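Read through the structures below before going on.
Shared between the two complexes below is subunit A, which pairs with subunit B and subunit C, respectively.
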Partner chain A sequence: MKDARNLKRERLAPATYVLLAAVLLVTMILCVCAGSVRISPGDTVTAVWNTLWGKPVPENIAKNIILNVRLPRVLCVALSGASLSLCGAAMQGLLRNPLADGSTIGVSSGASLGALIAMATGFTLPGSAYGGVMVLAMLFAFGSLVLILSLAYALDRSLATNSIILIGVIYTMFISSIISLIITFSSEHVRSLNFWTLGSFSGVNYDQVKLLCLALIICGGILLHLGDELNAFAIGEDNARHVGVNVKRVKLIVLITISVLIGVCVSISGTVSFVGLVMPHIARMLVGPNHKRLLPASLFSGAIFLLLADLTARTLMSPVELSIGVVTSLVGAVAFVIIFYRTGKAG
Partner chain B sequence: MLRGDHITVRYGEHTVVDDVSFQLEEGQWLMLAGPNGAGKSTLIEAIAGGAVYTGRIELGGKDIRSLKSGQLARKIGVLSQKNTVSYAYSVEEVVGLGRYAYRQGILSGGQDEDKEQVERALRLTGLEDLRRASMLTLSGGELQRVFLAQVFAQDPEILILDEPANHLDINYQQQIFSLIGDWLKTPGRAVLSVVHDLSLAKRCGSHAILLNNGKCEASGRIEDVLTPANLDRVYDMDVSAWMKGLLSQWL
Partner chain C sequence: MSKKHLLILLAALTLGSSLTVLADEGITVTDMYGREITLAEPATRVVALQPSDCEILCAIGCEDALVGIGEYCDYPESILGTRVVQSGEETNIEEILALEPQVVLMNDMAQSEEQVKQLEDNGIKVAVSHASDIEGVYEAIRMVGQLMGREENAEALITDMQTTFEEIKEKTEAEEEEEEEEKTVYFEVSPLQWGLWAAGKGTFMDELAGICGLTNIFEDVDDWAAVSEEQVIARDPDYIVTITMYYGDGPTPVEEIMEREGWQDMKAVKNGQIFNASDSNALSRPGPRLKDAAVELYNFIYGEGSGETAAEAETEEAAPAA
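After this line comes the complex of A and B, so read on.
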C-alpha cells in the first residue's frame, strides 16, 4: 500500500553515489584548470594520466603547475573536505544533534590552539617537521571535545542541542582570545600565521596529501564501520544501549577518531569552519539519515563543497587569495541559521 | 529468570532505590507500582544497565554485570516511556536496529533470520504498511508501536517496560497492552513493567512490587500486593474511594 509518508531515497542511493563521484571528478579537474594560468581540461587529464602510467608528459603542457602546485592542493582540499564532513556526520549522529560539528562545538578551535602552541614553542617530534604540530592539534581537539561535553553534561544531563552549542560558542570565544594573545606575544613567524587561523591550503605538498590520505583511510574506515552504532545513537543513547551497543566504548572510539581526523586537518590547513556542519545535511537530504549511506555521501559532498570553496577563494579576487575559511563561513553561517531555524520548528 | 538481591541505587547523597529484592519467573507479568519518585524507573534502568547499583542482579543464574552489551540485549528488551526521533529514519530501519545484537562481527551472518524477525515484528504490531514511512511523520501512538516492534525484533526472553502507554490515548493503550499480553503467551518469556494506572496493573499483571521512597513496601501476587490497605498507606489517601468514584462516572 502506498503512503504519502513513505520515503523513496533508498532506491535512489546507488545512483546518488555515481552522480556524486562524477561531480567530484569534474570539480577536481575544474579546480586544477582554473587559476592565474589557465590550463585546459585535456592538458590536465593528459598530464595526470601520463604521470600515473610513467609516460612522458608533452612539453607544451604546464606540467609543473599541474603536478606540483595545483594537484597537491586540490587533493589536500578534497581529502580535508571529505574528512571534516565525515567527522560532522559522525558527530551529529553520536550526539543526536544536527548542529554538532568541529567548528560549532569548539573542537576545531581547540585543535588550532594546540597547533599554534606547537608552532610558537617550536615543539617538534624527532624525524617529522610538523609532527609536533599535528600531535598537539589532535590532543587539544580531543581535550576540547571531552571538556565541552563534560561541561554540557554538568549543565544539562540530556546533552541538549542548545547547551552544547552555547558552551561551544563560549569555548570558541575563549580559545580565540588565547590564540590572539599567543600571536600578539609571539615572533614574526608565528604572527604571520594569523591567516592560518581562518584556514588556507596555500603551499601544501604531497607529504600532506599522503598524511591526509592515511588519516582518512584509517579514521574513515573506523567511522564507516560504525554505521549501525551511529544509527542507534542518532535515535537515542538509551535506545542504543537497549539494542546492545556498548555505548561507552563506541562513544570513546568515535570521539578519539574524530579528534585525530580534525587534528590532522587543522594542522595542515588551519580552521576551516562549517564544512562538517553543512555538508552532512546536504548528504542527508540526498540519501537519508542512515549512516551506512550517509557517511559515504558526506565524504563526497564535503570534498566537492570544499573544492568549490577553495576555487572561489583563489579566483574571486584574483590575484589576491582569500582564506578558504572566509568562504566556508559566509556560506556556512547562512546554512547554520536555516538549519537552526528548521530544527527549532521541528523540535 | 531474573532475580535482584538487595539492589540499592544512589545519586550522590540521595538513595533512590533502597535495598530492593525481586524475582521474575517465566510467564509472569511483574508490575512495579508506587507514587512518583518511588524509584520504579531507576530500578528498571539498573536492570537495563543505565544506572550504577550495589547488590546483585542475576539473569538465568549469571550476574548481569558479567554479560556483554550484546548478550544482555539478546535476553532483555526495554521499551522506554517516551521515544522521540530527530532524523527521518524509516520505520523499517528503526525496527531493524532491534537485530543489532545478533549481527555483530563481520562473519555474524544470520541475515535471513534478521529479515524474518523484522517482518514478524512489523506484522505483529500492524506496521507493515508503514514500513517505509518517515519516523518524523508518525503520531505518538505509532511511534511507540515502532519501538515495541523494535523490541519484538530483538526477540528477548524478558520485556522491560517503563510506562509504555503513559502519554497515549486509550485506544493505543489498549493496543500496546494487548500486544504485550499476546507476546507473553509464548513459553519462556516474562514481563516487568512500571505502571501508574493501578487498574491497568491489576488487569494485566500477575505479580507486583509496591515501592515507596525507594523501599519495597510489599511484593508477591498482584491481589496480595495492590490491596486497599497497602495502597492507602503508600499513596497516603483513600485510593479505593478515588478509583470507585472515577469508575462510577461510567456506570
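After this line comes the complex of A and C, so read on.
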C-alpha cells in the first residue's frame, strides 16, 4: 500500500513541479499587484512589462511604487523563502531530524548576533558598507552550527532528535540574552536594531535581490546536487558511509552552504522563523521523502509561503505594516501542529 | 457628633490655624492619575524618573531639589551629575529609598502598583504625570509647580509656551491664506533601513504639525507605528521631518532619504524639503521644550530657512548636536 503510494508520487513528480512553478508564478504576480497602495493592474503590468523589455516606463506613481518598492521586496521575499526552506529540508535530511531548522537549532540567532555585533562595532569590509554585517552573520551562523553539533555529539554520538533540539533551544535563549545585553549597554543607535529579532523585508532593494539570487544559485545548486548523499544520510550516517559517501566532506559542505545561505538571509531580513521548519514537511507530503524531489519542492513551497506571509504583513493592517515574523510564526506554528498530528495518526 | 463637640472642634481648628502655619499651608495636589497627594510643605528632595519631569523641574527653577533622576534623563546638561536610578520596569525601590526624597515623580507606564505602595508605605509621596498632549503637559507643569511651591513659575512657563504656540498659529494662519491647498508633513521616527516608523495621531509631533498649519500624512494611524513605504510615496508629503540621529559616518539622514530608490519624485525630496530635527527628544517629550521644537519646525517650514537646500539646513542643525 505504502509502496504503491510512493510509486504514484514518483510518477506525479514532474506534474507537481509544473504545478508548484505555476502556483509560485501566480503568487508572485498577485504579490506584485496587491499592496498597501492600490495600483491598477494595467499600470502595474505596463511598468513591469516595459522594464523587462527595456522600453521607457510612463512616469507615474506606479513606476516608483511597483518598480522600486514592491518588486524588489517580492523578489527578496521569494528568494529568502526558497533559501530558508531549502536549508531546512537539507538540515532535516542531514541530521535525520524532522525538527531541524535554522531557527530551532540556533543558527539564525547566531547569525543575528553576528549581524548585531557588526552593527554595534561598526565593522565594515573595505568597499562595501553592508559586507561586514553579512560576513559576520555567516561566520556566526557557521560557528553556532559547529558549536551546537559538537555539543550534541559530546552528549549523544547518534545525534538523537531530542538532544540536538534541546541544545538548539538553550543556545537560542543564551544568544537572545546576549543580544539583549548588547542592546542594553549600547547606544540608541543599536537599540533600533531590535527588528532583527522579528524580521522585516521593509526597505529592501535590488542589490539585496542580486545578492540573495547569487547566494541561492551557488548554495542552492550545491544542495540540490547533493540529493543522493542526503538520501543516504537520511537513512543513517553509517549507511551513507557504506554506500560510499564521503561522510565528513559532505557534512562539512552542507553545513557551510547552509550557514552561508542563512547568514545572507538573516543579514537582509532578520530572523524569519518557521519557514524552514514547516515548508519541507509540506513539500514531503507533496512529493515524498526522496531528497532529489524534496529539495526543489521545498524551494518552491518556501517561496510561495513566505510571499503570502509577506503579503499579509503588508496589507492586513494598511497603512500600518506588521512584522513578517509575527505572520510566519502564527501560521507556521498552527500548520506545524496540524502536520505532526496528521503524520502521527497516519504512522 | 453633638453640637458641643462640633464647637470644640471648630474652636480647635480656628486656634490651630492661627497658631500653626503648617497645618493650614499643607499642600494637597491631585496627580494625573487622580490620586490625592498631601505634603506638609513644598518638596525639597525629589526623584524624577521621567526625562520630561526633570525638564519641567529645571524649567521652574527647582533643579537643586533633584536628588535622583531616571536613567534616560539627559536634559539640561547640568543635571547629568545627579544620582541616576533605574526606572521603568527595573525601578529599584531600595535605591530610591536611600535617597530619602519626599516626592517621586513617575509616569504610569511601567511601575507596578506594588512598587508605588512600597514607596508610599515608606512615607514617600508618589506623583504620576503622564501627558499625551500639550494640554496634558500644562497640567503636569502645574502639578509639579504645586508640589514644589513654585506655582508662579509654573504659570509663567505655561504662559510662555502658550504664547509661543499662539504666535506660531497666527503666523501660519496668515501664511495659509495665501496658499490654496493644505501642506502635508511626514514624521519619520525610524529610517527605512530598520523598517519605517512614522508618528501618527496622538503624538506631540502630530500636534506640533497642527500648530504649524500642516496636516500629518499619517493622521489615520495612532501613535508611532510601522508604516508601509508604498504609503509614504503615495501620500507624497510636502515636508519630511526625520528624527534619526546622525552618528558621523555615511550619508546624513537627509541625504539618505534623498537617495532612496523610488522616493526621488516625491514633492519633499524634489524640493529638498527634508528636515533633520536637531533633537528628537524635544519633539517627543512631554516637556517645556515642545515650544523650542515648534519654533524649529516653524522656521524650517516658513522661516528664513525655508528657501535653503536641505544640505544647508543639515549643517546648521548638526552644529548644536556635535
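Methods note: the second predicted complex is superposed on the first by the 319 of 347 C-alpha atoms of A that agree within 3 Å, B and C clash if a C-alpha of one lies under 4 Å from a C-alpha of the other, contacts with A are read in each partner's own complex, and residues count from 1 in each chain.
We adopt the following convention: a contact is a pair of C-beta atoms (placed from the backbone, for glycine too) under 8 Å apart; a residue touches a chain by one contact, two chains touch by 3 or more.
Quick caveat, the model's predicted, so the values are computed rather than measured.
*Asks:* For A:P289, select first, second, both or neither according to whether it touches subunit B, subunit C, the two together, or no partner.
*Replies:* It touches subunit B, and subunit C stays clear.
*Asks:* If you stack the two complexes on chain A, which partner ends up touching A:D228: first (subunit B), second (subunit C), both, or neither?
*Replies:* Once the two structures are laid over each other on A, A:D228 reaches subunit B alone.
*Asks:* Quick check for you: in the superposed arrangement, does A:K55 touch first (subunit B), second (subunit C), both or neither?
*Replies:* Neither partner.
*Asks:* With the two structures laid over each other on chain A, which partner does A:G122 touch: subunit B (first), subunit C (second), both, or neither?
*Replies:* So A:G122 only meets subunit C here.
*Asks:* For A:K210, is the partner it touches subunit B (first), subunit C (second), both, or none of the two (neither)?
*Replies:* So A:K210 meets neither subunit B nor subunit C here.
*Asks:* Where on subunit A do the contacts with subunit B and the contacts with subunit C coincide?
*Replies:* The answer is that subunit A has no such residue.
*Asks:* Show me the residue ranges of subunit A that touch subunit B in the complex, using the header's touch definition.
*Replies:* Touch residues, subunit A against subunit B: 1, 3, 5-7, 10, 96-98, 228, 231-232, 234-236, 238-239, 241-247, 284, 288-290, 346.
*Asks:* State the interface residues of subunit C toward subunit A in the complex, per the touch definition above.
*Replies:* 190, 192-196, 218, 220-221, 225-231, 233-234, 236, 245, 247, 249-250, 261-265
*Asks:* Show which residues of subunit A lie in contact with subunit C when the two form their complex.
*Replies:* Checking each residue of subunit A against subunit C gives 35-37, 59, 61, 64-65, 67-70, 72, 122, 129, 188-189, 192-193, 195, 200, 202-203, 205-206, 314, 318-323.
*Asks:* Spell out the part of subunit B that touches subunit A in their complex, as residue ranges.
*Replies:* Spelled out, the residues of subunit B in touch with subunit A are 48-50, 68-70, 72-74, 77-78, 80, 83-90, 93-94, 97-98, 100-101, 103-104, 129-130, 132-134, 136-138, 147, 150-151, 154.
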